[in-house]
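Same chain, two partners: subunit A is paired with subunit B first, then with subunit C.
For the complex of A and B:
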């Protein structure tokens, strides 16, 4: 790795860290300014409520609360839940929920990409045939219908009616019960990847070097797999970033529908309960994942093609 | 393509086979869906129905419920009360914690002191807002001033372990509903050694809670499921028919109903939106909750000080229409300030059966009362602000319905003030910045005073600032009256006095609609304290 590449990576890393800090400040303030409070049992008198708030440090001035929170964060202490899971460590709550969401997201992404590429290639190779039309229709449906609607449909058809899939997630059967949410989540990935692959593949198939390959008398199989597909796949990496980010937001509702105890469900529930520390930790983790993904994409672009490095270069 | 099809078919077949091996459990497993999660199982902290359900599945207090929902001895084998009603002596039965240690009187003393020491949510239930235990109010006042309590301080609490099997509780005034109170989770015992070992983690995971009840908590995944297995060492184990209890947590009503249809839930609470779809189903059932939704007028508002104006408001509400046609979830119209099925009198009758009906719908009479009010106030029209929290469903539905009902009266304008529950209670109501507030109250114990106390002039929840010396005197008399029949009549009088003055305007008593597997029997529901008792549930194969 050249010196300039290392420098580029360090630069991007520094920018990411600054962004994360800004996000943390904004999140912290926004969460504190949310209407409602984690302590809102009407049976508590004002004095009792004040005593409970004081025990969580909510009576301190905001900057002091922030410093305390960041101090704790640096040592891995994300505070305790104030309402949803009273006094439980947020780190353990998020630690249990996050891997489930990551697993679902990753599986949906892999499944979606494989199926999407397959469909895209089939459509491109059979351009203007019934297969092409079918793929286009599927893609439009996949893009326009939200993943939680798919989740509901699968739940009703395969869960309630046919009894093939379990209707809710069970930690005792983490793979089997994850099938439904994974399929639901992968729909939009399939649609996006298929459309993109089709367009790319058609443009590659029309390029001069493919014509040259054909002129050289290479077999159709060689042309497709050795030349066309390879060159089609590289640009697909560029859309995987946004797709993964999209998936993150999609998991929130799908998790709720499929009763998956993941990060999205935890975030929604914590917002409903105004559970400050839980909201902060979940939202921050989402932000961190987003930034990490952007960082990886930026850096990998920079390595693959030094011309598209962002920021100043020597 | 053929290859692809065959792969797909093989996949589907494999899944179908896998499905055969799964399912919600055997005939002796009861699956219960809940919209909320368990907060934790610490009697010092947990303050919601779902946590109470789970706590009661694993822990028995001094008193419990029998299979008909009546108060019965649990860990207490015998209960005696002194003649003056101020000393309660409980003899404990031989019961064991799941670590093999015996349940002792000290376990109760420790648990109760711990709630006060840790400023628990229900600390006030130890004092004059609940059990009236001597010393409790003084200790609570100290913690309110930010003082740390020493063991010496805590020992001033009137709950003493005379020996391992004898608990003596002394009160500042007689509490006729003391046995009922003892079913409430904040009075559950805690094994001191175990709790201290667990430290901050106590009751926050399946491993960190001891059982002396019908079930032992096997696992708990927050946001997903909690499983419980039968406690073979339970003192009343013969009565427990289930082998396993599963709680499916944080399920939206729609999802819970779907899972009920697929057989994954035996019990699923549903909301108003689903009622029409399921109301003819055998599984459809409703329960009356203890929650009363009512309007609190602000007596510092000069218009609202007018009795006829408050009367007009009450008469303009078609409560039955609202409960049966809008809410549809088993809610019923409120006829007074004490809900139905809450308080049982000396002769076994419900408070509402003995009390008068104070609410009627009569638009003409409402208009006449309003006209009278306008005349008395010398005004041609009145504008009132109706405040509600948007985060406390179905308060928003109620507010919209009431706005519509009130504006049918000529000369009355309603402005809606939408806010949050916290802002409503602790800012607007506490500072008197409201005209009429949509509010609610859930009972702390099964006695009418849990509602009637709210209207005492010094009650913190009397945000409307209604002050009536006669009412205060009556309530003071009720709190010291030892004769249950006299006390019962005094409570009826108190409600009548308040309702005739339209201190608060009751609207409806909340209900719950649920889907319950028809083969399930013995699920005990109670509108106060622990909502569901699973000890007697059985499932026909």
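For the complex of A and C:
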């Protein structure tokens, strides 16, 4: 890595940290403006309510609450749930929910990329045949139809009609019940990757070095796997960014359809119960992951393809 | 060795020994008639089967959304508990829902609202995004770098988190949903605009205009804007399905339009709750929703190919 690359990474890290702080402030203020309060039991008297609010520190002025919250956060203490899961540590709530979402997203990403590359290569090698048309149709459908629709379709067909897959997520069978959400999520990945691989592969196959490889008399297998495929795969990294963002959106909705107890479901539930600390932690985690992903992808462009200059030249 | 083998294995065919220029035919040179860029684009677009099908579907759905609720005897919000959950039939073409509301009318009323939300949000996006991108790109320097930093910070908060929290704070209604959607979508528009402005402002015709004494205002609106129309149209077409999707997502999370209003999202959400008992209540809105998304994507692709073949797939 050159000097300018390191500088660029450091600069981006600094910007990311500032951004995260801004996001935290904004989230913190907005959450406090939510209609409704986490202490919403009707049987409580005014005095009891005030006492409970005081015990959570909700009676303090907003800046003081914020300082307290950030102070706790730096030591890994994200506060306790005030309503939804009475007095449970938010870190343990998020700690059980987040891995499930990560697992779903990661599997969908891997499965989708592999299937997508395969379809894209098949389509490019059989250009203008039925396979090509099928792949194109499939990828247009996959790109435009959101993953929750696929989840619902799978739910109806394989869940309630054929009884092959469970209709509800059960933590006793994490792999078996993850099949449905993973397939639903991977559809958009497959579509995007297949479409991109096809275009890339066709342009690679038309390039001069493939013609040279053919002229040297290399076998078709060698040309495809050693020369064409390798050069096709590199640019795929450039579309992983938008794909991962898509997946994050997807998990939130698909988790609801398949009743997966993941991060998205936790966020939605806590919003409906105005559970301040849980909302903050979930939303902040989403934002942090998003920023980290963007950073990693931007930096990896430059490392993989040295033609892309990161930052300014000295 | 391999060359020798390859040579031996090489089979000659009779046509290998034909003269290359033997079959020279007399050709008449024809001058292509001059055509305007718009006419060219229209004919390119019309040749794209998918795009034409897409635009026909959008037109049909829009007509139904406008006309169908007016022509039916039923009202979209008329509750009649004696007509609960009737299957599709001659009386109620798409059946009725849990409150005995006619789903044919509700579907088209919902489509109308969804389309309205999407178009209104995108309209605001274009106004904000284009203005922002124009100023940032045209004036450059310090203005540009400050505006870019602000945009970077806003852009690094995931759309879903902003949308969710905005709508929690401002009680969801038609107006707030449009506002929240336009708040997140304008960034893409401003980026494209800025990039195009940066490219266009260095062209000779802008220099010529400036030499003739044109002011910034004139140059922006009369010289640069007409040259970036096509990119804007493509962007708009690509953003509309996004807006429709996010509206559906919000309803799905429970932050959609308040009852008894209907949108495609709330219809899908309502149908989802009774999915296993009355699947038609969800399948019909999902089909319309999917066709709409697919059509906008197809038209967007077609427009991109027709208006700006050099634009990269996004």
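Here is the rule we go by: the second predicted complex is superposed on the first by the 294 of 314 C-alpha atoms of A that agree within 3 Å, B and C clash if a C-alpha of one lies under 4 Å from a C-alpha of the other, contacts with A are read in each partner's own complex, and residues count from 1 in each chain.
Heads up, the rule we're going with is that contacts are C-beta pairs under 8 Å (C-beta built on N, C-alpha and C of every residue); 3 or more make two chains touch, one makes a residue touch a chain.
Because the structure is predicted, anything quoted here is derived from the model rather than measured.
Within the superposed three-chain model, A:6 lies out of touch with both subunit B and subunit C [touch as defined at top]. Of the two partner chains placed around the shared chain by superposition, subunit C is the only one that A:146 touches, whereas subunit B remains out of contact.
By the touch criterion stated above, A:49 is placed in contact with subunit B alone, subunit C being left untouched. In the overlay built on the shared chain, the residue A:257 is in contact with subunit B and with subunit C. Look at A:217: by the touch rule set out above, it reaches subunit C but stays clear of subunit B.
In the superposition on chain A, A:296 contacts neither subunit B nor subunit C. When the two complexes are overlaid on their common chain A, residue A:248 makes contact with subunit C while staying clear of subunit B. In the superposition on chain A, A:17 makes contact with neither subunit B nor subunit C. In the superposed pair of complexes, A:67 makes contact with neither subunit B nor subunit C.
Across the two superposed structures, the residue set of subunit A contacted by subunit B and also by subunit C is 35, 155-156, 160, 167, 256-257, 272. Subunit C makes touch with subunit A in their complex at residues 2-3, 6, 50, 149, 152-153, 156-161, 164-166, 168-169, 171, 241, 245, 248-249, 252-255, 272, 275-276, 279, 282-283, 286, 289-290, 293-294, 296-298, 301, 313-314. The touching residues of subunit B, counted against subunit A in their complex, run 12, 15-16, 18-19, 22, 37-40, 42, 45-47, 119, 121, 123-124, 143-144, 146, 200, 204, 219, 221-225, 248, 250-252, 255, 258-259, 261-264, 391, 419-423, 425-426, 430, 439-442, 444, 460-461.
Against subunit B, in their complex, subunit A makes its touches with residues 35-37, 40-49, 51-52, 54-55, 83-88, 93, 96-97, 155-156, 159-160, 163-171, 173, 176, 179, 256-262, 265-266, 269, 272, 274. By the touch rule above, subunit A contacts subunit C in their complex via residues 15-16, 18-19, 22-23, 26-27, 30-31, 33-35, 140-141, 143-146, 148-149, 152, 155-156, 160, 167, 195-196, 199, 217, 242, 245, 248-249, 252-253, 256-257, 267-268, 271-272, 279, 283, 286-287, 290-291, 294.
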